[in-house]
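For clarity, chains are labelled A, B, C, D and E in written order, and residue numbers in each chain start from 1.
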Amino acid sequence: MPVSWTILIVLALSGLGYLATRSRAVRLAGGDIRKLHSRPSYYGWNAALLIGVPALFVTAIWRFLWPATSPALISAVALILAAAGLAFALTRTAPDFRARNAVETTVKALLMLCSSIAILTTAGIVLSMLFETGHFFQQYSWTEFFFGTTWSPRFGGGSDLGILPLLWGTLYISVIALAVSVPIGLFAAIYMSEYASGRMRSIAKPMIEVLAGIPTIVYGLFALITVGPMLRDWFAQPLGLGSSGSSVMTAGLVMGIMLIPFVSSLSDDIINAVPQSLRDGALGLGSTRSETIRKVVLPAALPGIVGAILLAASRAIGETMIVVMGAGAAAQMGLNPFEAMTTITVKIVSQLTGDTDFAAPETLVAFALGLTLFTITLGLNIVALYVVRKYREQYE
Amino acid sequence: AAARDQIQVSGSSTVLPYATIVAEAFGENTDFPTPVVESGGSSAGLKKFCEGVGENTIDIANASRPIKDSEKEACKAAGVTEIMEVRIGYDGIVFASDINGNDFAFTAADWFNALAAEVVQDGKIVANPYTKWSEIRADLPDQEILAFVPGTKHGTREVFEEKVIAAGCEETGAAEVFTAEKGEDDGEAACMSLRTDGKSVDIDGDYTETLARIQSAPNGIGVFGLSFYENNTDKLKVATIGGITPSTETIAKGEYPVSRPLFFYVKKQHIGTIPGLKEYVEFFVSDELAGPEGPLAAYGLVSDPELAATQTAVADEATIAQ
Amino acid sequence: MNDMSILERSVDQSDIKITARDVQVHYGDKHAIKDVSVELLDKTVTAFIGPSGCGKSTFLRCLNRMNDTIDICRVSGRIALDGEDIYDKRVDPVQLRAKVGMVFQKPNPFPKSIYDNVAYGPRIHGLARNRAELDEIVEKSLRGAALWNEVKDRLADPGTGLSGGQQQRLCIARAVATQPEVLLMDEPCSALDPIATGQVEELIDQLRSEFSVVIVTHSMQQAARVSQKTAFFHLGNLVEYDDTDEIFTNPRDPRTESYISGRIG
Amino acid sequence: MNDMSILERSVDQSDIKITARDVQVHYGDKHAIKDVSVELLDKTVTAFIGPSGCGKSTFLRCLNRMNDTIDICRVSGRIALDGEDIYDKRVDPVQLRAKVGMVFQKPNPFPKSIYDNVAYGPRIHGLARNRAELDEIVEKSLRGAALWNEVKDRLADPGTGLSGGQQQRLCIARAVATQPEVLLMDEPCSALDPIATGQVEELIDQLRSEFSVVIVTHSMQQAARVSQKTAFFHLGNLVEYDDTDEIFTNPRDPRTESYISGRIG
Amino acid sequence: MTDATLPGPAVPPGKSSLLTLDARTRKRNAAEARFRAYGLGAIAIAVVMLLILLFTIVTGGIGAFRQTYLEIPVTLDAAQLDKKGNRDPEDIKKVLTLTYGKLLDQSLQAVIAEKGIVVADLSGKDIKDLISKEAAAQLRARVLADPGLIGQTVPARVLVNGRVDGYYKGRVSMESAARDANTSPQQLQLADALRAQGMLDTVWNWSFLTSPDASDQRPEAAGVGIAILGSLYMMLVVLFLSVPIGVGASIYLEEFAPKNRWTDIIEVNISNLAAVPSIVFGILGLAAFINFAGLPQSAPIVGGLVLTLMTLPTIIIATRAALKAVPPSIRDAALGVGASRMQSVFHHVLPLALPGILTGTIIGLAQALGETAPLLLIGMVAFVKNFPAAPPEGLFDPASALPVQVFNWTQRADPAFIERASGAIIVLLVFLLCMNLVAIFLRRKFERRW
């Protein structure tokens, strides 16, 4: 893989460039760095960036857009660019050169590039699904898709592919999962950041984070083997709510457990960052700790907490394994939480990994489901953004 | 990128175990690297297969059903013009319940009556009223009806619907009533629509999930692949259909009705480019592996009575019409 | 030291609001308050003076146990409010702080509206039966802190968007609104112009008729104007505690004298 | 208004460090600075006085573009440093702020060690060639801010663990250490005792020999003691700007007179 | 003109003792105690759940770390292995594992005869199947590496069949064996007899960590070696891409971007990306990296890139929240001494936001490490036998990953794979813990209040 070696060489070169320009700058200033416009390391960084950024950028773009090009050519061009960058950086190194500004402009551009990756990803996702979604709607009526209340794909065609039962299942399961994870996560975060000793916090926090790292298949099996039968035997059957081993409740509860660290760890950091002076202010007025937390600390930490909850909600919407094993695969719309239901995400996965004809609506519906889900969550996120804006309390 | 030197296989998870057994043996007994065998479903496998020709496309797609015409067209459009179809054998589909439970001897009609959304009683179409097996037929055990059937993503579901439910529909005479009442198309659909009151549970996962569900609900009856059952005879008790116990022999003889053929598709254009491709295909269908005494049969594959024809076709690199 | 001599002076017991005896405060290794004993009188304004860093704020924070919130801070000795040890296990610091209010040295308005800032205390202590009463408390407190005229049209704006001096007055209003028995004010007028200072001093004078007030100040003039008693701290020691007049006209300790005449810092 | 009259008085052009012309500042709807024009001289201490909330801090923050950081704040008009418009597109606010340093009204030490707090400016501006030089700058700055004796043994302790007045002096030391050409100080002595105040005033006086200093203060005495020029703000207007002596002995505007004699707030 | 009047008390502050709580305080204290109890309860629930899950994982998976081996002398019959007798490696290669299997079978029968082991109703199949099919492959590889062994009788340590292995781990019993088509009580008795002879033993199983996956017929030989490497490679890619990119994007959005509609769009976009089901990232990866950019199938580099895109939103959301939480006065302080915004961010804000960033990283990487669905579409949910090379080349070789191995194994028919899957989960968690340890340590170091 010569390209990867090229990358390593370019990185080494920019390291060398850093050292060379840095010492050159010091030398030019006659050893008195106060004569320089910027700190010597900025001259070094300037060189490092000039060498590394164009070369790596060109390599990456070229490799990505025209994969067939001979790697040797790419490497050659990259090395030439790197050398040119080094030469340019050396000539530009002079005491009155605004190295810091140059570096900061480049870094800012890089940071901007980083944030544009999110946009590119979105564009990529939409593009990679739009085409197939179009195919789907050529073969299947959009009214039946969006307003149909039956989901039953068949191999031979003639399937009912209404999204509503899936949407309902998605909402139902996510709401239960959040109803479990948000209170538990938030209270855990509050306890860790406001009440617990440093020792307890330093143990409890990483421990709870392990919950986020347990593969979802374990949760799925837990739901299937332990929680499902337990709910069935202890709640559903005694209450006369059916005898399904898999249910919305099972999946929601188990998923809720998985999501606890998403809420607790992120919120804990944010709550911890609220300045102590605000707590002092409230305590000084004679409020209890819990009043301080509820009335002062939490509102001040609200944007971060909402972010954490949104993240948890996002995971809930995107989860597959737990739903498959916990909630079953039956697409239906009902209110009984002890009945089996399923979610959009599960059906995306199962239609994509099933045995149906890949050009048939039964498979293509996965793309339409994906795009619809994407649009719905987009709407929810916009609402969330405005809500946070409205209630945000900026301290200091 | 350096030239790819290992074979890439993708597709059906039903074929996967056989493909891995062959790939492993192929890697051990030849100088070629062991092929990489992905799972992901027949659909995704064929889709990748039809993505085009070249090093970064796969060489073989496993499928638990024959390739469809629309897929062939897509293949052709992408330049995959020469496809070899290889049938490796049959997958038997069995009904099994908890080892400690009752014994079952089913007929297709029983299954139709147990799981159809609507059945015919006294010449009238009624919503399925049965809650116990014994209500359907007195010599079935007095046990709640609860069936774990493959979800609609599985190819097995299609076979189950066609060879069990639809056959049962005919057998009970319900098909006639349906077509008479609802017309040709809807009648056929009514034959195959399953009840949604929780007696019939779709399983989108795999057979291990079905097994786990049976273990947590011991009066359930699950639909399994023969090979899965054969590996779990200590936990499962298999039911007969029409008096026939499923086994590789009864299926191969055609006595046991519920089975389906398994295939893989080879991109002929890659033979010669990807080292070992042809050798792998030949190795796969050789008698030592795919024959009735081979490891595949030992694992549960119903070997193809017409294996010899397949071997010739492979040797000739015969392609299918597109 | 002659600290003990202060205590030897007999005071009418019923008038004593807070008694501190042998109070020591450590921040980790740093010994910030050294063996301070003092008796603060009811219905009296006491001024704490002393050079920056001598421990005034620290001692003040001991009086309503605000030091509990600093991990590394350890307090020993005995402090009693109305004769009851406030560091007793049974004492609820919340109830204590409701009685002993505090205005902090750095203004720390909540990131809420100006109204909510002031209404916070009355709300949690249930001092108002209805919205009208609450409005009244808020207005009175803001008037008392000489802020009403400036903010009456923007009560819904965030308290953090006020100027430094306004924030300081907001914090005073917030503390006054909870109607504590003792009000601890840590340099309440440091960011105020002379006029606002005058108004706040007037407020303090009014408060004195019912409550006791402790005020930390760097301004001798202010101490002389508002307080009846003055305590002079130096390097963590309480050097002298006496009637304000006495301290300013006739200090007993040479250090006090140097400080008020502007010679030691 | 008679603001223009101030500008009519001829000043030696070479002495002017900062010129502000028709500066307006809005916080959202709030009009905080109204049409202020002023010329601040080099090697001079200028005092800004005025009642709390009149816009002193706001105007001060315009002079080194610290208002850029407040989203809702809009500045218009022209402010020039050495004749160059500081709001020009080409001006790098960083370089500007390196030249025009600032001590904020609320002390805001970094949550780092005391040493690092002071060394931060010199480090980023490359003012020291080596550790010894840096140590020297730190010591000198802390001495200048009258803090050295109190912290010399605990330079590695966090700056946030200091008392209010110590934090204030730390921020002064931090600003001084960067050796700016203009130093803007927003109530630098509000939390300081008279002695420390005196030492800081001494520092200001020393700084004046090379730089220009703008100081916001509520203490008329302080303004009179340290400044050569005084500007009086009221409700967002610059009411009067003149020699300090002139302002205090012979104010032209009745509002100025009322304020310095303690009648309006 | 003064408006300073004292607020008249609505409730007169009657002098009450500090030691007795008034009714209102009691009520508030009760609320406080409840609140606190909720917090403690929440932590307790989370920890108990964790312990339950860990307990099930460990009890289910610990068996994977032990394995039963049989030690027997094997006669490498030259007549069968080298028919031509010329020791030509090419000819020896023609002998397939089948033949080696027979050799092993014969050797075992010889041993049984020699030791005089008698088990009633013992069938030839029971003997033949006692030894894992993997053994033949290993023996063949050994002979090919050293053809000189042909004709000798060499001691060999071979794996036994998964059921027999399960028998010694409690998974298989005599009763279940009686019903089991793949083993029999006789086979187990034979194993017991061999064990009594000291030839068969269950020992610590290193090869679980070092060997590649095995096919469905050889659960006893399956290992997570390639999966560990694949996960490691992918995590390297994710770590080196998602953390810098995520932090960079957050810094730009939070500190530099003008607050306008465009940044709002980006912001909403990012939180929306977090809600995209992971398999959709697989769709994207397949389209962008494999079909468009022509990167190879099943390669950790593609997996890493896809997981990077998937992890980014988590890291960005956490980082932004952490940056937002740093009080503006700290930025002001830095700007006031002439630091540039970049400097104020990198010198002051970022270190203070580090705990939050690390939390985002921990959670994001945990998610990435355990994710299977996107890998399905880019060919990493695969059976891979050949180890990938060292990076950077190895990044482009086919590999699997730990969660993939878990996913695959839980789908297999042979119950022995369930135990392996739990074992793989243990490995995965240990892997996660190692990865997080650094982050957790750093986070503790940088945590402070202000």
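In this text, a residue touches a chain if its C-beta (ideal position, glycine included) is under 8 Å from a C-beta of that chain, and two chains touch if they have at least 3 such contacts.
Everything numeric in this text was worked out from a predicted model, so none of it was measured.
Common neighbours of chain B and chain E under the contact definition above: A. Once CA atoms are averaged chain by chain and compared with the all-protein CA average, the nearest chain turns out to be A.
More C-beta pairs touch across the A-E interface than across any other pair of chains.
We define each chain's centre as the mean of its Cα atoms; on that basis chain B and chain C are separated by 82 Å. Work out the mean CA point of chain A and of chain B, and you get 37 Å between them.
Separating the CA-averaged centres of chain A and chain C is a span of 49 Å. Centroids of chain C and chain E (each the mean of its C-alpha atoms) stand 59 Å apart. Residue positions of chain E touching 2 or more other chains, listed in rising order: 28-29, 32, 294-295, 328-329, 340, 352, 376-377, 396, 410, 450.
Contact with two or more other chains is made by residues 1, 100, 221, 275-276, 288, 291, 352-353, 394-396 of chain A. Within chain C, residues 94-96, 98-99, 106, 124-125, 146, 180, 199 each touch two or more of the remaining chains. Pairs of chains meeting the touch criterion: A-B, A-C, A-D, A-E, B-E, C-D, C-E, D-E. Remark: chain A residues 31-34, 36, 38-40, 100-101 touch chain D in the complex. For chain E in complex with chain D, the residues that touch the partner chain are 259, 328-341, 343, 347-348, 352, 448, 450. On chain E, the positions that touch chain A within their shared complex are 28-29, 31-32, 35-36, 38-43, 45-47, 49-50, 52-54, 56-57, 244-246, 248-253, 256-257, 264, 266-281, 283-284, 286-288, 292-295, 309, 312-314, 316-318, 320-322, 324-329, 340, 342, 352-353, 355-356, 359-360, 362-363, 366-367, 369-370, 372-373, 376-377, 391-393, 395-396, 403, 406-407, 410, 421, 425, 428-429, 432-433, 436, 440, 444, 447, 449-450. By the touch criterion stated above, chain B contacts chain E in their complex at residues 1, 4, 6, 8, 10, 13, 16-17, 19-21, 23-25, 27-29, 31, 33-34, 36-40, 44, 48, 51, 55-56, 58, 99, 206-208, 225, 227-228, 230-235, 288, 295, 298-300. By the touch rule above, chain D contacts chain C in their complex via residues 27, 30, 49-53, 55, 57-58, 105-107, 146, 150, 154, 161-166, 168-169, 186-187, 190-199, 218, 220, 259, 262-265.
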